[in-house]
Amino acid sequence: MRDLIKMVVVLLVICTTSGVVLSYVNEATKAPREYQYIKFVQEPSIKAVLSDYDNDPVKERIKLAVGEDEEGNPIEIVVFPAKKGGATQAIAYSAAAKGYHDLIEVMVGVGPEGKLTGISIMTHTETPGLGARIVEPEFTDQFAGLDLDTTKLSAEGGKVDTLSGATFSTVGVITAVGAALEQFPQIKKETF
Amino acid sequence: MEKAISLDKPMLRVSVAPHIQQKITTSHLMYNTLIALVPALLAGIYFFGFASLKLALICMATAVACEAGMKGVMGRKLTIINGSSLVLGLLFALICSPEVPWWTAVVGTAMAVILGSEIYGGLGNNPFNAVLVGWAVARISFTEQMTTWIMPEPLFGLEAGGYIEYPPLDVIRVDGVETLVDLPWLDLFIGNVPGTIGTVCVAAVLIGGIYLLARRIITWHIPVSFLASAWLFGLIFWLIDPEVYANPTIYLLSGWMVLGAFFLATDKGTVPVTAPGMIIFGIGCGLITMIIRYWGGFVDGVAFAILLMNALTPLLDRVRPRVYGRVKQVA
Amino acid sequence: MGLKTSFSGVSLPPQKVSNPAIEDAPLPKRVVLPLGQNGNRVCKPVVEVGEQVKTGQLIGQSDDFLVAPVHSSISGTITAIRPWFDLSGNEMLSVIVESDGNDSWLEEIRADEGFSDKEAAQLLTDLKAAGVVEIGPPSMPLHAKFATPEPSKEARFLVGIPQTKPVDTVIINGIDAEPGMAAKGAVLTKYSSEIADGIRILQKLIGSAQIVLAVNSNGSVSSPLSGELAGLSVQVFRGKDKYPLGLNPILIKCVTGREIPLPDGNEQDIGVAVVDAATLVHLVEAVRDLKPQVEKVVSISGAGITAVKNFRVRLGTLVQDLIEQQTGLKGEPVKVIAGGAMTGVALLSTDIPVSKETDALIFQTATEAKSFSPDACINCGLCVRHCPSRLLPNELSKYCEFSMFEEARARFLLHCIECGICAYVCPEKRPMLHLMRYGKRELSLA
Amino acid sequence: MGDYLLLIVSAILVSNIVLARYLGNCPFLGVSQKMDTAVGMGMAVIFVVTLAGMITWVVQYAILNPLGLEYLRTIAFILVIASLVQLVEMFLQKSVPALYKALGIFLPLITTNCAVLGIAIINIQEEFNFMQTVVFSFASAVGFSLAMVLLASLRERFPTARIPSAFAGMPIAMITVGLLALAFLGFTGLTG
Amino acid sequence: MSVVKEFTKGFWQELPPFRLVLGLCPTLAVTTMAENGLGMGLATTFVLVFSNLLVSILRKLIPGKVRIASYIVVIASFVVMAELLLQAYWYPMYKALGIFVPLIVVNCIILGRAEAFASKNPIILSLADGLGIGLGFTISLTVLGGIREILGSGKLFGAEVMWSSFEPLGFMVKAPGAFVCLGFLLGLMNIISRRRPAH
C-alpha cells in the first residue's frame, strides 16, 4: 500500500512539475514564436508581393478590425505597408479560402488603386502535381496587375487561366484573392 | 596382414555424382542472351545512328570494369568471362535514349553493377533486377537527361517516321489518345518513332525473344503472362472509354513492353522459378505496368512493375506445386 | 499400359548396349564378402579363419529381419575375417576367401526342386535363407518386402493413406535407369523363363496382387519373353525414354498413380512392392533351386568399352581383379564409378568388392573423367524446372551448403529422391546431389 | 468513398509509412529477419496503430483543444500510447491468450515505435476527421506490415547469398530497404 | 578518467546510429542536408543530456514499477520544451525537422540511455554519457547529411562545393538514397572497425 501511494505520488509530482514548467515555457516563448512565424512564413510572401520600398513592413505592421463575425468578435487583419520615403506605396495582407483539400492562405500585395502588385501562396495542402502547382510563378504571376473585376477565371470573363486538372485549387486562390480585394476599400482608408 | 586399400597404385579420381553433366553453362546462357539482343541493338543503330553503338560500348565497358573492380575489392574470383556484365551493360544501353550523355550512362551502369548486383555478391544473389536498379537511380536523379528524345533517322531505305516528336506513351500522356489515331502501326512495330535505343523496334526485340524461347534460355511463362495480362487489362479500359485509353495493342507496341517481357522480367535470379510463381509474376508485371501507364507519375511503368514484382519474388517462390510424397500430417 | 501421370525429368544421352549378352566373369582368385548391407546392420560370421568352405556355404547370418545371410561365392579357404572398405568408403566386417580353383558347390544346391507345391510361407523361408537382396535405396533383403510387415513403431497418421497396406501391386522394374546400366534389359531377354517363373512365384506369394512388368520404351519385350508371358496375368508397362522413370518412386507413381508418403514412408505404405528384374532371377533360383545369391549381373562400361557389357560376377570379386580380367578394358582407369552415371559412387580404390548392391561399374579414362568447377547458384531455375519431386533444389542446395539443415527440412529436403537431375542440368555445375545427400545425412545424425 | 480509396492507396503504396515517410524503422529493420516474426509484428502494429490513432484523435479534439493545451500534444500522446499498449497487453493476456502468445512479445517494442506516435501526429496535422483518422491509421499500419513482410521474405534469402561479410546483416538490409523504396517510387502520382 | 571514457565512448564504440542501430527514423529522414542533421542532432542532444541529468538526480526516488512511465514523462517534457524553443528561436529548423522533433520522444537512444545508464549512475557520469552519445549522434547525422547533400545537391551547408557542370545525383536526397547511403556507411564502418584491432 505504501508502495502504491509512493508510486502515485511520485508520478503525480513529476507530471505536475512538468505541466507547470511547460506552461511557463509556453507563455515565455509565445511572443518570439509569433515573431518567427511572421518572419519565416509571412515575410517571404510579403517580399514576393511588394517591391520597391525602404522600410521594414513587418516591424511597421498594423492590425485593423474589418467588421465582426457571427458572434460579434472583431475580425482582425494584419497589414504590412511598403513605404518609400515615408509614403505608403503598396500594402500586403493575407486572406484564405477553401481549395480542393483545405484552406489556401494567400498573401496579396495591393497598390493604391486596388490593383494587385502580386500574390504569393503561404500555406496549402493541395495534391502534389495537381493543385500544388498553384505555388508556381507561372500561375501566381498572372495575378499582377489584376483588380477585383478581372480576378476571375478566363472562362468567366476574367484573366486567370485554370490549371488543367486543378479547377478547385484555382478557384480557391481566386476566391481568397477576391475576398482580400473586397476588403481593400475599407483597409485603404486606414493605410494610404 | 593384407591391406584393405593398396597405395601402390595411382589414386583414383573421386568426385560426387552425377558423373555426367549437361553442356549448358552460365556463359552459354549469357552469350545467347547477348546474341538475342543484337537485333535490337542493330535496329537502334539503324534508326538513331552510331551514337547508339557508342553508348552500348560505353555501358558494356563500364559494367565489365565495375564488376572487375568490385570483385577485386572483395577479393573474389573474376567471373567476367561468363558474360553477365556484358548483358547488363548492353541492356542498360538499350533502355536509354540515344541522347543520354555518356556520363549519365556511366553513372547508371555503375549503379546497376555496384548497387544492383555486386553488393549482394553478384549474379544470382541480387534480389532486384540490376539493370533496372541502375536505370531507376539514373532516372530519378537525371530526369532531364534520361527523358530527352530524338527523331529516328533511318540510315538507309526507310523515310524517317515524323508523325510524333516524342515517344508514343509520352504522346498519349501529354496530347491525348486521339493524337495517335493516324500513326501507322507499322512505324510503331518496326521502330520508326522516338524512343530508347533497344525498345523502339518491337520486331527486332521479338526476334531476340523468340530466339531465347527457341534456345530454351527462357520459358514462355513470364513473357506470355506479362503481355497477355497487360493487353487484356488494356482491352477492358479501351472498351470502357476509348477517348481516354488507347487501343491495347498500341500499348503493347510502345515503350518497353516487349523488351521488358522477354529480357527484363526474365532476368535470372530475380524472378520466381516455379511455373505458377512465374505466371503470377508475369501477370503482376503486366497489371502494374498498365496501372502506372494509365494513372501513375511515370510515363512507362515496365521498369517499376518489374522491380516491384522482384520484391515479391521470394513470396511467389512459395507458390509451388505439391512436392512428391507430401501428405498432410495430422496430430 | 501407359503413364498414370507425367513427371519432370531429362532425356539423357542414349547409350549403346551390347544386348542381350551376359558373359560369365572368370572365377576370382579370392573374394571379400562384406557381412551386411547398408552400412550398419551386419551379420555374425559362422565360420572361422582357416576353415574350408564350398560355394554357396553359409558364412554369416543374423537374427535381424532386415539383414540377409551371407554365403561364400567360391570354394576355398577363409584367410581372414576383418573390416574392409565397402562402396561408400565405410568399413564393414568382411570374410576373405582364397579360392581353391575348383568352385565346388554344396551338394544340396543345384537340385531343381520346383516350387509349384510349396506354400507361400515355405517360399518366404527359402527366399530368406538364400540371402537375396533388393538394391535400394535403401537396400533390403527381398523377403522383407513380402513378409507380413511388423506394425511400424511410431504410428504415423497419414490422411487418405491407410497405414501399411497389404501389397496389391508388384512392379517388376525392368528399366535400366541411367547410362552405364544395362543389366535389367539383358536379364529380361536372357532369363525369360526365370522371369515367367518369377511372376508365378510372386502370384503365389501375394495372392491377388496385380503384377506389372515395366520395360524401357525402346526395349520391346523380346519374343522368348513374350512367349513365356503368354497366359500369365501380367501387364506390361512401357515407359517413356526419360530419366528418372527407372527410379522406384517415380516408376510407382507412373504405374499406379500413387506416391510414396515421404519423408519416412515406404512402398509398403501404399501397398506396392517393386522388384528389380535381376533380383527376380535370384528369387527364382532361391526358391526353385535353393541356390543362395552368390552372383550379381554387373554392367560394365567405359575405358574403351564402346557398348555397355553385362557380366555375371561372383560376389566379393575385387574391382581390381575385374579390371585385370577384363580384356575389354583399355587403358588405366582414373575414375571408377559403382552404379550408374547419374547416382553412382566414385570409388576411392579399386580394392573394393562387388556386392549385392553393385549393379554397374563405369571405368573412365583421363579424357572421359571430366572435372567441373562449381560456383554460386545463379538462380536460373533449371533445376527447379526438371526436378521430378517438384522441389526447389536451388534453395535446398544453398541451405545445405550453408549448414541450414532445419530450413532445408522445412522446405522438404527429405522428399528428394536423389535422382541427380538438378546437378545434371545446373549451368554452374553445382554439386547439387551431393549437397542433398549431405543435408540428409546431417539431419539423420542430428 | 473515392476519397477514402485514395487515402488508402496513398497510405499503403504511394507514401508508405516506412519507405517514404521514414517512420518505424527500428522495429522494421530489427524484427524483419524472419517471416513469422515479421508477420507477428505486422499484426501487432495494425492493431495498436489503429486503436492509438482513434484514441489520440479523441484526446486532441476532446481534451487538448478545448483546454488550449495543444502544446502538450507530444507528452499527452506518448502517455496515451504507452498506457494503451500496457492495457492491450494485459487484456490480451487475460482474455485472448492465443493472440497474446502470438503478439505479446512485440507489444513492448511498439511503445517506442515512432510509427505509432508519428501516425497519431499526422492524423492531427493533416486535420483528418475521425473517419479519415481510422482509415489512415489502419492503412498506414497495413503499409508498414506489407513492407515488413516483403523485407522479411527478401532477407530470408540473405544467409545463403554471397554478400560481402562487411555488409552482411544490417547494412545489406538497409540497402535492400532502399531498393524497395526505389521500387515503390513507381507508385508516385497514383493518387494525384 | 571514467568521465572521459563515458564521454568518448559515444564517438566510436557506441556511436549511434551506426553502432547502436537505433534512432533510425530521424537519421534517415532529416539528413538530406548537413545542417538539418546538425539541428536534429543538437535537439536530440538537448533532450538526452537533460533527461539523463534529471533521471540521474531522481534515480533513488523513483520506484521501480513506475520507472519507465516517469522516464517517458521526463523525456516528453524536454521534447515539448525543445519544440517550443526551436519554434521560438530557430524556426526554419523547426519547419525542416517537422514531425521528427516530437518524435524525439520515442527515439530509443534516449529511453535506452535513461534506463541503461542514467538510472544507475551518478550525475556527472550521466551528463558525460548523455553529452557523448548526443554529440556522437550529432556528428553522425551531420556527416551523413553532408554526404547526401554533396552528392545529392552539390552543396555542403548550403554552399556550392562541386564543379559548376556537376549534375547532382538526386537519388541521394530521396528516401531510397537515404537507406542506401546509411547501408553503405554501416558497411564501411564494419570494414574500418575490423582493421582497427579491438582492445
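Which chain is which? They are A, B, C, D and E, in the order written, and residues in each are numbered from 1.
We take it that a residue touches a chain if its C-beta (ideal position, glycine included) is under 8 Å from a C-beta of that chain, and two chains touch if they have at least 3 such contacts.
Predicted model only: the values in this text are computed from it and were never measured.
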item: Intersection of the contact lists for chain A and chain D; value: E
item: Other chains in touch with both chain A and chain B; value: D, E
item: Per Cα centroids, the chain farthest from chain D; value: C
item: Centroid-based (C-alpha) most distant chain relative to chain A; value: C
item: Innermost chain, where centres are averages of C-alpha coordinates; value: B
item: Distance from the mean Cα position of chain D to that of chain C, given in whole angstrom; value: 59
item: Rounded Å distance between chain A and chain E, as computed from the means of their C-alpha atoms; value: 35
item: Centre-of-Cα separation between chain E and chain C, whole angstrom; value: 68
item: Centre-to-centre distance between chain E and chain D (centres being mean Cα positions), rounded to whole Å; value: 22
item: Set of chain E residues in contact with two or more other chains; value: 69, 73, 76-77, 80, 84, 171, 174, 176, 180, 187
item: Numbers and ranges of chain C residues touching at least 2 other chains; value: 376, 395
item: Contacts with 2+ other chains: residues of chain A; value: 18, 22, 26, 129
item: Touching pairs - complete list by chain label; value: A-D, A-E, B-C, B-D, B-E, C-D, D-E
item: Residues of chain C touching chain B in the complex; value: 10, 12-13, 80, 82-85, 91, 96, 156-161, 179, 249, 253, 259-263, 265, 320, 332-337, 339, 341-351, 362, 364, 369-372, 375-382, 384-385, 388-392, 394-395, 412, 415, 417, 420, 423-429, 431, 433-434
item: In the complex with chain C, residue positions of chain D that touch it; value: 159-160, 162
item: Sites on chain A touched by chain E in the complex; value: 3, 6-7, 10-11, 14-15, 18, 21-22, 25-26, 29, 32-33, 36-37, 39-40
item: Residues of chain A that touch chain D when the two form their complex; value: 18-19, 22, 26, 102, 125, 127-130
item: Chain E - residues contacting chain B, complex; value: 167-172, 174, 176, 180, 187
